[in-house]
């Protein structure tokens, strides 16, 4: 397991499982979002407050490799690291590990922010918070 | 707009939108899954029936490029094409277009099937159905 | 089947089913909301536009009787009728019928609107639209 | 705050909020289900294991009174008590409290179990576990 800036503990909730008895593939995107937003909080960034101010953080790309399935009762952690991808884009490396250390998902979610005119613009506060 | 094997019409449901007033990024995975399963039905493949028989179709990779946001009231279509990626893997090219023709999302979802022993195995019926 | 002001057709999406292979009980609330909002549209009321103006329509009570389960592939309709419940509250009678006529769910969802000061206040436009 | 048999701590996840910036009304059903299933675990009942054995626990009625809204960042607990409602039905009293003690939701969810023939039948193990 590599180094990450932040990890958050979760437990599977049964309503997140589909008829195959495993967590539905879309639900992992929920997990990744929640871990990112909690990571933001540790840096003093409040997603809801930014949204209220008209600064919209949006996902521009998501690449997910599903390595194993989570199922009812599983405990896991979602880890986050961050990289500058370009002038306007930040990439979040987000990997999910089951409590026994098994790698469940390797993810890379790229995002930007959109200003009140609908144009991509990375606010200085984000650059500073992420240190990138 | 390229050729696809199948397209399905949708309309945004308000509960799919998050506090930014746009469809949450995880919801697109729901749209893609529903379009795939409806595509399967046109080929005589019933996801629920296969699951009951112990043949689990699973997603192994998802690559999504978010090009524009959907919001309340938007009508859109999710299109599907299919490619053989390897002996065990099938790739679904899945793009989303808003009713005005705007490309909303470019997706590539790769999947396989897992047999009753938990090993990847692509049933002949899937190979035949997809013609790949 | 009694008279309703509005009915909307749906088809179960597989991601809405949980490990029991039937639509998860929370998902019915999504169906009911979507049917209400589409009903509102037929009356000239746009939920998103009202939200943007700071008029928040909120649910204050939901009573749901689950009569039968929906499962993969099922086609159904969600019907809506409306009643004035009190000075500040509107009740939506919302029943779900499977395509074979089977009653799936009997619901009653009560709501009000909250003004910019966070106080319940039913705008005249709602009273007029619903004719109640 | 009355006595409950079980309470579980939660924190709002941003994807659970809708365009009004508050937790969507359907999401409370997810919270209630997760709290029930975790309560079951403390009694030695595993929902997934019962489902695999063909014993389906299903909700027959849900009555929810929404008293206040949860929003981004809110911490809350979902409490559970249990009552025998009839020979075949168990009622779960489920109330949600925000971390400042504010009552957010009063709920009563009634359920039964369905045997392999699709008939309601409350297994002795459930009666014993709940002590009712």
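Every chain is named by a letter (A, B, C and D) in the order it is written, and numbering of its residues begins at 1.
As a convention for this text, a contact is a pair of C-beta atoms (placed from the backbone, for glycine too) under 8 Å apart; a residue touches a chain by one contact, two chains touch by 3 or more.
Note that the structure is a prediction, hence the values are computed from the model and not measured.
The minimal number of chain-to-chain contact steps leading from chain A to chain C is 1.
Set against the Cα centre of chain D, the chain with the most distant centre is B. Remark: among chain pairs B-D and C-D, C-D carries the greater number of C-beta contacts. Between chain B and chain C, the centres computed from C-alpha atoms are 28 Å apart. Each chain gets one centre point, the mean of its Cα atoms, and the points for chain C and chain D are 22 Å apart. The centroid of the Cα atoms in chain B and the matching centroid in chain D are 32 Å apart. Shared contact sites, meaning residues of chain D that touch two or more other chains, fall at 14-15, 17, 19-21, 24, 26, 30, 33, 48, 51, 72. Those residues of chain A that touch chain B in the shared complex are 19-20, 22, 24-27, 29-30, 33, 48, 51, 56, 58-66, 69. On the chain D side of its complex with chain A, the touching residues are 13-15, 17, 21, 30, 33-34, 37, 41, 46-48, 51-52, 71-73. Residues 14-15, 17-21, 24, 26, 72 of chain D touch chain B in their complex.
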